[in-house]
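In the two assemblies presented below, chain A is common to both, partnered first by chain B and then by chain C.
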Partner chain A sequence: MSARPEATSALARLQPALARLPGTRAWQQWRAATLAQLVADGLPTPRDDSWKYTNLRLLERRELATAAPRPLPSDVLQALPAAQGPRLVYVDGRFHSALSDSELPAGMSRTSHATLLDGPPPPEQSGPVDADLRLRSLNLCMAVDGARLLLAGGSAPARPLEIVHLHTGGGAYPRTRLELGAGAKLALIEYQLGVDPADAFVAAVTDIVLGPGATLTHTTVQLASDRAVLVDDTHVSVGRDARYSHRLVALGGQLARFDLRVDLDGAGAEADLRGLLFADGTREQHIRTLLDHRVPHCSSAQLYRGVAGGRGRGSYDGKVIVRAGAAKTSSRQSSRNLLLSKDAAIDTRPQLEINADDVKCAHGATTGTLDENMLFYLLTRGLDRQTARALLTYAFVGDVLKCIEPQALRQMIERRALGRLPAAETIREFIA
Partner chain B sequence: MSNIQKGNSILEISGLKVNVQGKAILKGLDLTVRAGEVHAIMGPNGAGKSTLSQVLAGRPDYAVIAGHATYLGEDLLALAPEERARRGLFLGFQYPVEIPGVNNVYLLKAALNARRRHLGLQEVDAFEFLAIVKEKMVLMQMDESFLKRGVNEGFSGGEKKRNEILQMTVLEPTLAILDETDSGLDIDALKVVANGVNSLRADNRAIVLVTHYQRLLDHIVPDHVHVLAGGRILKSGDRGLALELERRGYDWVLEEANAE
Partner chain C sequence: MSTTPQDLEDLVGQKYRHGFVTDIAADTVPPGLDEDVIRLISRKKGEPGFLLDWRLKSYRHWQTMREPHWGQLRYKPIDYQAISYYSAPKSNKDGPKSLADVDPKLLATYDKLGVPLHERARLAGVAVDAVFDSVSVATTFKERLSEAGVIFCPFSDAVREHPALIEQYLGTVVPPADNFYAALNSAVFTDGSFVYIPKGVRCPMELSTYFRINAANTGQFERTLIIADEGSHVSYLEGCTAPMRDENQLHAAVVELVALDNANIKYSTVQNWYPGDENGVGGIYNFVTKRGDCRGRNSRISWTQVETGSAITWKYPSCVLTGDGSVGEFYSVAVANHYQQADTGTKMIHVGRNTRSTIVSKGISAGHAQNTYRGLVKVLPSAEGARNYTQCDSLLMGDKCGAHTFPYVEVRNPTGMVEHEATTSRIGEDQLFYLLQRGLSHEDAVNMIVNGFCKSVFKELPMEFAVEAQNLLAVSLEGSVG
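Presenting the complex of A and B:
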């Protein structure tokens, strides 16, 4: 018995929803044209090189339109650690003032993406949209709200800013823009959090611009519902002597993908990216990074760890480009992946494209099982097999976990990550 | 454990044949070890000394194709590695494994409690454990930074060997098999390690020293010395045999065996 194919694609079924979206007539026209182009192009597929490891076909049966606001459970934020600083909460892409703090970090101002909908839309796309940009394009088509944040030059709030994206089911199109002025310094903690059992589709877009000498530590904690499909596209421009650190902890979702593009745009710019992906059960966790060294004297480091168990799937697809003239570039890229079962799989593709002389680049990617010598050593000390395996798995992800700050967040993540391991209880005492 | 008396059989190996990656390494090995004894197994490089040690600890990829090993009356080869450890069999590795990210002390505490559970004793808590381990660290002349480090992580060769002996003194095994614990140690470290081993000599346990050189035996005097070569125990004797091996090498033992 074969399933009856959907008469229309999930994207085509979005068309009626456009009429309900706010904005000028020009925006309405832009949306209609953009969606028509997306319907013609279709969602990216593994035939598109940048989507080689991610298959979105399960979206075809999903509802992509954003649902009308519905009441939230009162304990909806209980899954998160206590707020480390001012918190902005978006529910299915819409600002939720009751759950949010009214005060922002000192030196920060906020407007909404909604105000842009009163102005002119972007120029219309002519011809097919690059597979890389289609979900961005879909996000802009559907987004009705989103934070536009500016941290004034020289500001350095003591506490982190938190942005919580809640998904309740159906489409969510969070859109965030953050700009740090010269010398500004900020810690941003972003949560993607599902309200169970949300059958959500989340297409998030984040744009970050770091002015000269600015420092941003950006932590993304992905706790989407088990049935959610989440694609997150983040684009960062790092200015002269600025520093961007990203920490990704991907724990949730049915299928989640994180696209991170970092442009090192000013001399002395630095990027330090670390991430941890857990694909247990039938979960899929994908990460794709693009590090673009555009000018001399920049450095980038990537350290990703993936763990897949059950029938989990994952991928690391990371590319470093060193442009002509970007001398004195230093770039390190490491992806190590651990398979806990025979049916789990993680693909890796580290790519290095060097067009300049006098650069230092190192990259490596490995996928393997637990080290048999380590396992045997632990067994000869009397540990049972399950505990030994859990310990080694935990140790494997330790060097990413230990650099997550602040401590309350790290502890929450350790607890969550532990919960995903076999024999979590038995190794709790090992984690001091 | 306390009901083991001097002279009781601890380990009996007969006709043990082991293949490693399809190659015959042990070809019918016999050995009996009794409570209260210290045995030294000597032999040329590549003779199979580590293979024997690892097989006794339960290494899964070494195939036992014939023979028996009885440990405290049980079929040793039928037990999983962790079951052997909990019954008091301890292997000091020739090459201790580095396990970054797994804390040295937590591992040792878990190891001790696994053993205690098996013996029906109450588990020690973190506080009691620290008292035990600190006392043993004094004996092994190890400083307290070891407590915080990952298992063998970044340890020098000598530090790794000390750590193995520290583990042994805390776990108080019934049968300790120490594989080349002396290699890579300077004379001071050798004395410390020998002290640790000697502190464990008792009527109710046995120690098997696997070594290439006889110098360790100046500090830990064995009751029995065996030559492992050609996949078998070719010759056994007392301390004098070790001294003779040092003077004459191993070839004469092989020649003697071939002549038979």
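Presenting the complex of A and C:
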């Protein structure tokens, strides 16, 4: 019935798994109806405009159902990055209390998505689901757990909160909701980690609401396993005079896509988005951002760096919408991309949709290879070609890495990023 | 600085200067489209069999296609069966041999439009192949051009006199199945211009065509084909105006350019069709497919356009850079006022080695208009050392209009270097203040800023057009800024 029967069948294969999911009878019925609609619609394909550069046909042969809980290999636990603050760990989308800290930052309360499953399900979707919302809909259909966090107004914990998502294979549907009260301030670090060689499929959904004057620094570190397919959908609402900063470091996965939608809902709201996409080998890294300026006096800045080597693929699809009446908007968007090999490819689509006149909006996008003049300079200083190239590549992504906080996290990410470059050992000396 | 109601009144009060209808008997086919209509068009034009087959094939393919709706455009559905697909001025039946034979009413029409026929043509140094509705009426300077070996004639003449060239090149740049409107055009095109510049010839004058849609409810389906043989050089000018109409008129033209080794084609357009009234009623629907193929080494195709008219503009003049070292250029000023909607831009497809392209697009929106730049830069794996620079700037006048930028950048070769920059803003208060303080009137200050905004495009226009374009811009935007 769909143009892509293989992908549809992957969804169809999920149907028996529904019976194993918890929840009231009403939820069970809602799930059955939602999945039936998804099977009818199929997964998004490049024919859908917002998925033009991402092809999910890889999922045709994947198992999308969540596996039964199993013991974690001990080496995984040792490989976890050092904690910067209190940590919540989810394994394949389920809360893992033994690995998590019981104490949350002061002023924060936590409930689970699981509690919602005892209540009424959302209203049933009638008719086809928009391609943009299908994976979100799939997540809600399959999610059994997830953090629902509330930071009380005025709270400002000194240490960051960490949410670690560990994937061991099979489907994972993490669902996170975070709300910051008025004037609250938080640093959130999210990890997507895989157990190699996990054949994982992760459809994550994160919803964030920032109250008036709240500040959130949100860092997503994506180190999924080399065979993982990861689709992350994050939706942020930024209130009056609130500030949202997002840092994305995408190093892992076979195919990873990050959808970030930020609504500037209150006057004086600010968003500052930066990201690094690293697509080496046969990896695919995609980012799509949608910045919605809904009210006057808001500002947004985006800065994305993409690096593709080997047969890697990448894309940046960013849209800024300025609604009618959103005067005094200021928006900047920059996407620079580096191609390191003949078979690498990066697509960019920086879009502006502007319906108000008193605005200042600009975007810039470049795609190319390393500057021959810079390379030549380093060669004249006695560096060999490989080291020079690696050093320039490292410098290229520096704009993004340098603003990652706290320092210990930045150093860990720098180490990981460096490890991907040839001549890592040599250039480590230069930047130490 | 803000738009005062009075300014807006002035703006909406702006009347279309070229709005008039020439009342002459037209030989028009009843509305509707089927294979018989296509056969009739082909028969009326005395076309060879291969062309009729080509038309029918296009028509059959068109029937399987769906109208594209990805543009940032909103309009009522078009009833393709309500359009008359052929209209020829009656006076042309016997074929005018000279200007004296031409219907005086027609000549008067050109006069109002400022088409330089008669002595004015000679003085202006412009050869005009004027297309009135669908059949060419007068052609000047044919002799001087033929001395140089240049063929410049109505498309239907070329079909009769140079069928080999037509058969070789027609549809090779824009295939009939390319898109919905190109397929429709391929099936029903009635006339247009044909240019062939032989090897090593530099065309002795600027070539110019005026299109004008005249009979009501008549779609205009022009077909232009320009072939620049090795080492040749041509500059082609196209200008349009149309009379005032209440119903929307469809225009679906196809322009194909072919540049062989070291050839150079410069194609300039000033488009000022009826944009509809201040309430968005009427106006031309302009769905155009323009594409140039830089087939030869070191060839060059340059598109320059000033778009001020039409209710709907859907137009993406493109370059396929096949030849090694070939160059594609696109310079555009698009103005949308009242309820006009423009979705326009370009495509640069880099295929050959060391190909270069430049895109400079300036969009101006005023009133309730929507102006969209949509462009694609594609560097294929074969395009070693390709280079692109794109700049798109938008100027907004008033808080009811919209300016959108949708660039697509797809790079498949690491030696390529592609840059894209875009800005959107309104006229700077400090700029305006500076000029007012120097004693300029508000109107003049705005005109000066807008002209400065567009300057990098206007300087690419041939002299004749540069003046016209600046005036056009001033007229289109008079009183629209505060």
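General remarks:
The rule is simple: the second predicted complex is superposed on the first by the 419 of 432 C-alpha atoms of A that agree within 3 Å, B and C clash if a C-alpha of one lies under 4 Å from a C-alpha of the other, contacts with A are read in each partner's own complex, and residues count from 1 in each chain.
The rule we apply is simple: a residue touches a chain if its C-beta (ideal position, glycine included) is under 8 Å from a C-beta of that chain, and two chains touch if they have at least 3 such contacts.
Keep in mind that what you see is a predicted model, and the values were worked out from it rather than measured.
After overlaying the two complexes on the shared chain, residue contacts for A:Glu372 are found with chain B alone; chain C is out of touch.
When the two complexes are overlaid on their common chain A, residue A:Ser341 makes contact with chain C while staying clear of chain B. Applying the stated contact rule after C-alpha superposition, one finds that A:Thr387 touches chain B and leaves chain C untouched. Of the two partner chains, chain C is the only one touched by A:Ala324; chain B is not.
Contacts of A:Gly364 after superposition: chain C is touched, whereas chain B is not reached. With both structures placed on the common chain, the touch criterion links A:Gly310 to neither chain B nor chain C.
In the superposition on chain A, A:Asp399 makes contact with chain B only, not with chain C. Between chain B and chain C, C touches the greater number of residues of chain A. Interface residues of chain A facing chain C in the complex, by the touch rule stated above, are 49, 324-325, 327, 337, 339-342, 344-369. Chain C contributes residues 70, 381, 394, 396-426 to its touches with chain A in the complex. Looking at the complex, you find that chain A touches chain B at residues 372-374, 376-385, 387, 391-392, 394-396, 398-399, 429-430, 432. Remark: chain B residues 57-61, 80-82, 84-86, 90-91, 93, 96-97, 99-103, 106-108, 110-111, 114-115, 118, 150-151, 167, 171 touch chain A in the complex.
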